[in-house]
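The next part holds the structures, each set out as structure tokens.
Look for chain A in each of the two complexes below; its partner is chain B in the first and chain C in the second.
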Partner chain A sequence: MTTDTAPVPTTEPTRPTVAVRHLLAQIGRYTFLCAILGFFALPLLWLATAPFDDTPTVTASLPRFTLDNFRALLDNPYALSSLLNSVYLAAGTAALVVTFAALAAYALSRVRVPGRDALLYGLLLLSSIVTGTATMVPLFELAFRLNLIDSRLGVILILSGGLLPAAIFILKDFMDSTPTSYEESARVFGASPLQIMRHIVVPLVRPGLATVGVWAVANVWGNFLVPFLLLRGPDKAPAAVIMYTLYTEGGQADLRLLSTFSLLYSLPVALMFVFVSSRYGFRFHGGIKR
Partner chain B sequence: MSAITMRELTKVYPGGVRALDALDLEIADGEFFALLGPSGCGKTTLLRTIAGLEVASGGSVRIGERDVTGLPPGKRDVAMVFQDYALFPHMTVRDNIAYPLRIKKVDRRTRGGKAADTAEELGLSGLLERRPGQLSGGQQQRVALARAMACHPQVFLLDEPLSNLDARLRLEARTFLKRLQRELGVTTVFVTHDQAEALALADRIAVMEGGRIRQVGTPTEVFRRPANTFVAGFIGSTPMNLIDARVHGGELAVGPARLPLPDDSHGQVTDGERLVYGIRPEYLDYSPTAVPGALTGEVVVVENLGSVSLVSLDVPADDTGPADAGSPAGDAGRTSVQVVVPEGAEPEPGDTGWVVPRPGRSLLYRDGTLVTATATAEVPAPRAGAAVRS
Partner chain C sequence: MVQVTSPPDEVVEGARPVTGASPAPAPDAAGLGRARATGFLVPALVLILVFLVVPAAWTIYLGVTNYRLTGLAAAHPEVVGLDNYTQALGDERFRTSLLLTLQFVLGSAVIGQAGLGFAIAFALRDRRGPLRRVVEGFVLLSWILPSSVVAFLWIALLDRDAGTLNALLGIPGTAWLLDHPMLSIIVFNTWRGTAFSMMLYAAALENVPRSHLETARLAGASTWQQLRDVVFPRIRGHVLTNLLLISLWTFNDFAPFLITAGGPEQRSEILPVYVYKVALSGGELGFGAAISFIMLLINLVIALVYLRMLGRRKEPA
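What follows is the complex of A and B.
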């Protein structure tokens, strides 16, 4: 256009034009942000309204309020127990991951091993494969040979194995930032390595342990494939697997049950985040000064 | 309460760094002992080896009658105060002080009481329920000392005890530390790179360089009669003047000037021999008029140190050969001499001045080692390449 060509003398934009342009830019920016926000907020809105709706659809709408959906869900024999199963799996995995990752990270942080960093990065890289879809066949084979099919322990072990490398990686960072003089001081007073771990290191890296614990729980809570393949009966299946069974006889998704179950399914993890965050605060660096 | 004896103590780090080189040292029972040296001289390694945090590569450490060389730190009956105090941030002051007792399985009530007693001795009574993060630097240091005292060790080890305090607090803490050590009477070893701190606190000082001890002695000995040019240059707030000189007819020739030989060097030097003449700036008297037996030169710099000034003179020196390795660098044939001048008598740069050594305060060094009446040096200089041996 002509305005872009150099020889045309440009006039100083007047004050009102600047203001208008600024306003337009603001409107544009906020419209964009609203669109993004809506994109993420609508599913959540659906999750808040649909469970209380008489006839829920896939759209979020003002519900005709009812609690019938919850009553119907309670009639499902596996719905509530599956949430409990999820708790078992998540708690077991989180406990294993936090314990072993803390021990391993402490050792890796304090002992000079040649090729330590390469080992860590290698593990981290491989960990995404361990619980990934690609290794499901060998993992199933392994669990079968070890007699761990249809066992919660099997699921917990396999999930822990997948989460451990990343957990060690995160925790090692916390351990590295703890001055060794604390431990040396305790050593001079005669504390044993396990006492040092219990009295000094664990309290100092507690925010890190909380972070890893929550992260492990959230991972297990959302994991579908491993329990789906390794657990046979619906009596042991966690919520993520049971949700898959909430269909009508006709093969249609039962939105009333599904939405209600979704709400119950997401609440524990959300509450846990709020609790742990307020208690310890999530930080990925540091671990000493409060 | 015990003496500490080290024999042939050696520490070689993986990678070949020889941090301690066959070191012999005896620290007497109840002594306040300083390990002094520039950074990297091995003083902290020595302290950590006594504590057991470093495993000796060779030699032995004895505390009292026990050989502790192979014992883990917790079994040596020592307490260490770290440079950063290493107070556990998640524990209260009471729990921190009681921690050694907790390890010894003393029950909660007893150890709480003992912690409170120790805290009271150090004036920390009101702070028992605070966290270390809520304390000032001086208070943190006293909590660390209280924690070390609470387990009644035979030996205290202090790693740079005053370096984390600001200058004002440091003087206060220094006096406090000296009094506390005197009252407790426990053998105490501390590490410092600050010669003033070592002189002020210690009963005896070991000056270290390159993993070896260059001199052991009382602060007075180390200050007045440094055994070698390294110690001479390291000790003192202003380093000793080390001037190339030549023996000439029963006198010392420094350039055109003639100085009397130090008393105990008579009969130890030969005519024409080239030596290093050492004199502290504090032991030189400045004169604006010509005096006999003085070095003379032009005033180059005047530094005000408060009650005194440090004056640097450019003095013509012995120009018959290259400067000795131990002497301060200077132009061939000229050398810088520093002198402490009392307030009111400061010259102006550009003036010509004369400096006279006080009798009995000057020293002579041959090959970096003090020339004494007994003629033998106690500690030899480290062999060339000693640090990379084996």
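What follows is the complex of A and C.
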């Protein structure tokens, strides 16, 4: 693992060549990073300029500044209500996922259920293999049989089912690392398990609950397929679906509406991301996989 | 169902064999008892069972029927055995779609996202400060924005007459989405998903001792030699876990539908789009379910291959 495994290419590298090579590597690195920056920023330019341009086109260009475009949002009957629908779906799913996952993770963490680990890993594997796309036919069928077509509850339940295994997995990690001594003393004083859960465990694992909640909201907020499959009318459709209909249906797309709606729809997740990353640091720590 | 957006980092641990006893040795500190513990588990398990396990199992059943959305077969579906499967495997459109999906996974996940993600993480490995934050910020932004928004951003970018790309390159009239649909969605998905790989490799590279890289460099090892002999042996587990997750996600990604809808002439019709069109637009639910089941099997094979490779790594260690 040390230097002897790295064969020396030429004979003896002299200091100048090392220095030159180092310089070249630096130049190469910065060129690469600039190219990357360009590649990732380019598609986003339009989102930053078009909403404020008085005559938006599909080309990103310096806007002639105006805020009038946002009026288009009010004129469209579905724009604002679809954002509310998204909030409803995201909040419902997050609440369901956090509550159920917390209960399940607590039970799995504190009581030796036979076959616990096998169950957990099995479900996790299943949830990453069984995805919305690979099971869209039975999901549609199932929703149809359970009378959940065109029902927001159906979307919430289906999304929750898919997110729960990973949520339980994350939360069990948090639960495992909290000390059990508080729970023992609370029990001595006669607290019931649900009371212990609410007054002791939940405060201790709050960062974990927040992580799972944010993760669930982000997932639902952007999810297009499940509401697209299950919800029929535009009055219940969340922003993801309305956004799609704005540029696919009805001939010439209204770019004022499209650009301002894109921005408004993107803003909550972007803000949530900024909040989470400034508060907790949005990166994987070294312990992901050793 | 798990989307490309913000996958949990802990999922990665799933690839690791059981961690052993939890750090809470005192069992059942809260006096939960088996019965109540089961009660705590039930709500979550019911949802998982009904909306995850049942659909998976149902796929198998539907796949052997001639079930349709409308018409006679909708009321009285008949079991047709393996007809759907033989029909699918003999179908030119299915085989093309499978091939396109493999191109999509190989091009945008394995080469695009993992390659680019690693390159960015490596280039930024000892950088702190604004440059790193700006680069990471943009890469992450492309990952967290809703897919229907980024799909339109790409449609605008690649627009034939007024797209920003053509304006920049000075070649108006190049119809990227019509002439190169696969290339377009591969580049799109690379752009879309690189953030996950970048972050995972950034974390992985912190496990590589800086002194080793330094010594290798002083000994005159080229960057490629450093990567091969110093870096990769240490992050092999990360690489495999990363490839497993992004391959699965990309294989099941529906976002290209928002850009090309499989067209033109099915030239970018990857399997998720194909299933959607056959089953839900075309109404052939039984046939669609058979394709779905083939997709599930492929997912399973991908997962098993990677897990096996991951397991093999453990043995010599």
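Following the convention adopted for this analysis, the second predicted complex is superposed on the first by the 228 of 290 C-alpha atoms of A that agree within 3 Å, B and C clash if a C-alpha of one lies under 4 Å from a C-alpha of the other, contacts with A are read in each partner's own complex, and residues count from 1 in each chain.
Everything that follows uses one rule, which is that contacts are C-beta pairs under 8 Å (C-beta built on N, C-alpha and C of every residue); 3 or more make two chains touch, one makes a residue touch a chain.
Since this is a predicted model, take the numbers as computed values, not measurements.
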item	value
Partner chain(s) touched by A:Leu33 [first = chain B, second = chain C, both, neither]	second
Which of chain B and chain C A:Pro203 touches, first, second, both or neither	first
Contacts of A:Phe273 with chain B and chain C, given as first, second, both or neither	second
Chain B versus chain C as contact partner of A:Phe189, first or second or both or neither	first
Broader residue contact with chain A after superposition on the shared chain, chain B or chain C	C
Partner chain(s) touched by A:Val137 [first = chain B, second = chain C, both, neither]	second
Contacts of A:Thr66 with chain B and chain C, given as first, second, both or neither	neither
Contacts of A:Arg110 with chain B and chain C, given as first, second, both or neither	second
Chain A residues contacted in one complex by chain B, in the other by chain C	179, 181, 184, 186-187, 288-290
For the chain A and chain B complex, residues of the former touching the latter	179, 181-182, 184-192, 195, 199-200, 203-204, 288-290
Chain A partner contacts - residues on chain B that touch it in the complex	51-53, 72-76, 78-80, 82-84, 86, 88-90, 99-100, 102-104, 133, 151
In the complex with chain C, residue positions of chain A that touch it	1-3, 5-10, 13, 18, 22, 25, 29, 32-33, 36-37, 39-47, 57-60, 96, 99-101, 103-104, 106-113, 117, 121, 123-142, 157-170, 173, 176-181, 183-184, 186-187, 193, 196-197, 201, 211-212, 214-215, 218-219, 221-226, 229, 239-241, 243-244, 247, 258, 262, 265-266, 269-270, 273, 282-286, 288-290
